[in-house]
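Listed below are the structures to be examined.
Both complexes shown next keep chain A, but they swap its partner, so chain B is in the first and chain C is in the second.
Up next is the complex of A and B:
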């Protein structure tokens, strides 16, 4: 056990385990993302051995799980400082971490070796629920609910035990309610596809987008106080504004997912209107990010974390704002929905909104763990540069391929199966998919550079001074 | 909507938002770094306004969506200055203290 580790709370040691698991799953996600991209170039690859749908399923599900683990780890990291002591129910939280890892491992083995079963209750409970993002069988989903309940108890119980409730904690505690409740939507097995999709989008939009958006807002608030010395009054004011915007534009922005799934026509107006409003607050966030960077003269105690936070503000605006607004109006969305254009938007928005933010927390935790007072240097640029360049290249390539699909397959071909097949062989589409795979390799190299940098921080900075430690657990 | 109009309309919508991003970035830059950057902000906002008009006049989008886009282009003009004033007011006590 290192000297720095002795100074950590048990909750923070648990956070480090969550971060380790998250980084490993991040790598697994990239691996299956790369494999999935190859199917577009060689459609018959591994036919009936390991099909595209299984690869894509592992890519998407590991995305959700690694980000969830990273977000939970971030809260476990910051919570002791926020409440001024060890969290409530830490032993239970430690047990649930290992339970979470075992659940993920078993589900991954079942997905890889069993893949799917018959259309019966047994398959729903033990093999695959067959709903995108929510393929995990019911027993595993119940396990995730148990993990989330434990997490909620840790946060709310700690606030009650310590009799401390800050503005950030209020927002966090209230956000835990939809974090648990909306996830229970994972168990539905509706036979009507429209009804099923209607509720399914609550998970994808409300749970993953809105609830997580507030969660990352709380994490960034605590992060900014830590690395830039921003006052609590300022970060809490912005957090309240963010919650207001999520409630105001984000919730009904859900409507843009309801366009073509058999819901009433009024969703076209509601979804289009609120989605069109979404870039406005994002522009305010960009102004704020530049203001913060400038007012501190780029001074901070952790340069990589600072730049990853900045990348988050920009990535969020361009990925969610620009890419989203390009395709959100119903008349355009009729052609772009479900093409690689959507995939491009999804990649960029997720990366901007969450990935950049949690990488910033990884760097902060690594700094505190290794006992470095000021983390600067240049090694982190490789990971930062390659990951951002790789992602930018991938989304541009996917945009090209998606526009080709919308143009040839949807608008000219009329969305028939033959038109889809023709569009998939179109030169623009194929070029886009090749470019996506190439930039995927760049992104994977960025991941390797990031992991190397996180591991090598202590070696590269032998002059590190000991950082002030919190009270030992 | 014709195949060309799909890409044309989407491209204009994306460029409009991107120009709004440039406007916001240049606006804050002009306040923090160099006053001359305000010309960049004005230039970007001119592009926002021009694109909104172009979308209104030349795309086959419904009239309701066209009005919404023009209205949002007007609101974009206010977002950076209003946010800036709010930020300055919010940070003022800390800056006086330091």
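Up next is the complex of A and C:
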């Protein structure tokens, strides 16, 4: 155990384990994303051995799991400081971390080597549930519920045990209720596809566009206090504003997923209106970031974390907000829905809203772990530059391909098999797919540079600076 | 109340969230009735015994399903119980074979294969697959394709053989026929009409 590690709470050591697992799964996600992109260029690749649906499933499921682990790790990192001591139930949390890892490993092995089963309940319980993002078999979903319940107990129990309830903690505790509740639909097997998708969107939308947004808002609030010295009064005020706007627009913004699944027509108006409002809270975050940065003359104690937070604010607004608005008005969505245009938005939104934010926390944790008072340097620029450039390139390439599909496949062709085939062979679509793979390589190089830089922080640390804090970080 | 006070915005956050949740609950109750089988937008499963079309409605200004006269599936008329059993099996096939990670249903899923919302109405079954398989009916051609997709390729992106039994494949065909009768508010637009309004 290093001298620096001694100065950490057990909760923060657990956070480091979560971050390590998250970074590894981030790499696995990129690997299967790259593989999935290759099927579009070489459709016969691995045919009958490892087909597109398995690769794509592993890409999106590792995305959800690594981000969930990173978000949970971020809370485990900041919570001791917020409550002024060790968290409640840390032993359970440590056990559940390993349980979580074992669950993920077993599910991955089954997905890779078994892939699918017969049309029976056994398949749903032990192989694959076949619902996008919720493919994990039921036994594994039960395990994830246990992990989430333990996590909720750690947060809420800590606040009660310490008799300390800050504004951030209130928001966090209340946010955990829907986070766990909506996941209970992960076990359903509705015959009626309209009903199935209706409640499926409660999980997907309420996690990604509501509860996770609030969660990252809480993390960013604690982060800004830590690295920029922003006052609690300011971050909590902004957090309330963000919650008001995120949930005010996001709860009924759910309606933009209800345009075409067999639901009544009023969702076209409700979904269109509220999804048009959804960029507002994200714009608020940009204003917030600029305000904080300006008020502190860009002074901070952790330059990479500071720039990743700034990237998060802009990425969230543009990727989730602007890109989402661009395609969710029903008049446009009628043609853009279910094309690579959606994929463009999905990549940009997940990256901007969450990936940039949790990378900032990784840098902060490495800084505290290594005991560096001010983390600056230049090595981090490689990861920052390549990841952002790679993602922007992929987003634009997918947009190009998606627009070709929307115009030629849907608006002109009429969405039949032949229209889909024609659009997929359109020169713009093909060029977009090649460009996506190329920028994917850039993104993967950015991942390597990021990991290298995170690991190198300790190596390049001058001995004089490598002292641990006498008190837990 | 001072808008610079955090308490002002806390009250705003709580009240806004509460109102939105209440509205969502009411809308969900109403929507649940519309999307239930036999509801205003989702037909009974026994609709598989009827002809199904898709036409532009000048009043609603969107494409809507048109339910026509009798058209037995696989030469058989299913009662509601039999049709429900068929649908239950089909959905298990769709989930266990992970169809949604290549295809989309109502536009939701993955984008490697075509959208299946109105697949039953796709002219390709008559124009391409019936001649290719030698089947006499559309549903027979669909079953033959589903049981061994690599045998009937239409382009370089092929569907793998997911080892469906004949009963599995028939159930999926019935499911696709039922799904084409769901009122999806005009999605996908112009299906099979190549941009022309009837």
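Assume the second predicted complex is superposed on the first by the 462 of 473 C-alpha atoms of A that agree within 3 Å, B and C clash if a C-alpha of one lies under 4 Å from a C-alpha of the other, contacts with A are read in each partner's own complex, and residues count from 1 in each chain.
Convention: contacts are C-beta pairs under 8 Å (C-beta built on N, C-alpha and C of every residue); 3 or more make two chains touch, one makes a residue touch a chain.
Since this is a predicted model, take the numbers as computed values, not measurements.
After alignment on the shared chain A, the placement of chain B and chain C results in a side-by-side fit free of clashes. Of the two partner chains, chain B and chain C are each touched by A:335. Using the contact criterion defined above for the overlaid structures, shared-chain residue A:119 touches chain C, although it does not reach chain B.
The vertex angle at chain A, taken between the C-alpha centres of chain B and chain C once both structures are aligned on chain A, is 90 degrees to the nearest 10. In the superposition on chain A, A:276 makes contact with chain B only, not with chain C. Within the superposed three-chain model, A:53 lies in touch with chain C and out of touch with chain B [touch as defined at top].
Once the two complexes are laid over each other on the shared chain, residue contacts for A:317 go to chain B alone; chain C is not touched. In the overlay built on the shared chain, the residue A:8 is in contact with neither chain B nor chain C.
Of the two partners chain B and chain C, it is C that touches the larger number of chain A residues. In the superposed model, A:135 lies in contact with chain C only, and not with chain B. Of the two partner chains, neither chain B nor chain C is touched by A:172. Residue contacts after overlaying the shared chain place A:107 against neither chain B nor chain C.
Of all Cα pairs spanning chain B and chain C in the superposition, the closest are 5 Å apart. Under the contact criterion defined above, the residues of chain A that touch both chain B in one complex and chain C in the other are 233, 237, 334-335, 410-412. Contact residues of chain A toward chain B in the complex are 231, 233-234, 237, 269, 272-273, 276-277, 279-280, 283-284, 286-288, 290-291, 294-295, 317-318, 321-323, 325-327, 329-332, 334-336, 403, 406-408, 410-412.
On chain A, the positions that touch chain C within their shared complex are 39-40, 43-44, 47-48, 51-54, 56-57, 115-121, 123-124, 127-132, 135, 167, 170-171, 189-198, 200, 233, 236-237, 240-241, 243-244, 247-248, 251-252, 254, 257-268, 270, 334-335, 337-340, 342-343, 405, 410-421, 424-425. Here chain B touches chain A in the complex through residues 1-3, 6-7, 9-11, 13-14, 16-18, 20-21, 24-25, 27-29, 32-33, 60-62, 64-65, 68-69, 72, 75-76, 79-80, 83-84, 87, 90-91, 93-95, going by the rule given at the top.
Interface residues of chain C, counted against chain A in their complex, comprise 4-6, 9-10, 12-13, 16-17, 20-21, 23-24, 27-28, 30-32, 34-37, 40-42, 60, 84, 87-102, 104-112, 114-115, 117-119, 122-124, 128, 150, 154-158, 160-162, 168, 179, 182-195.
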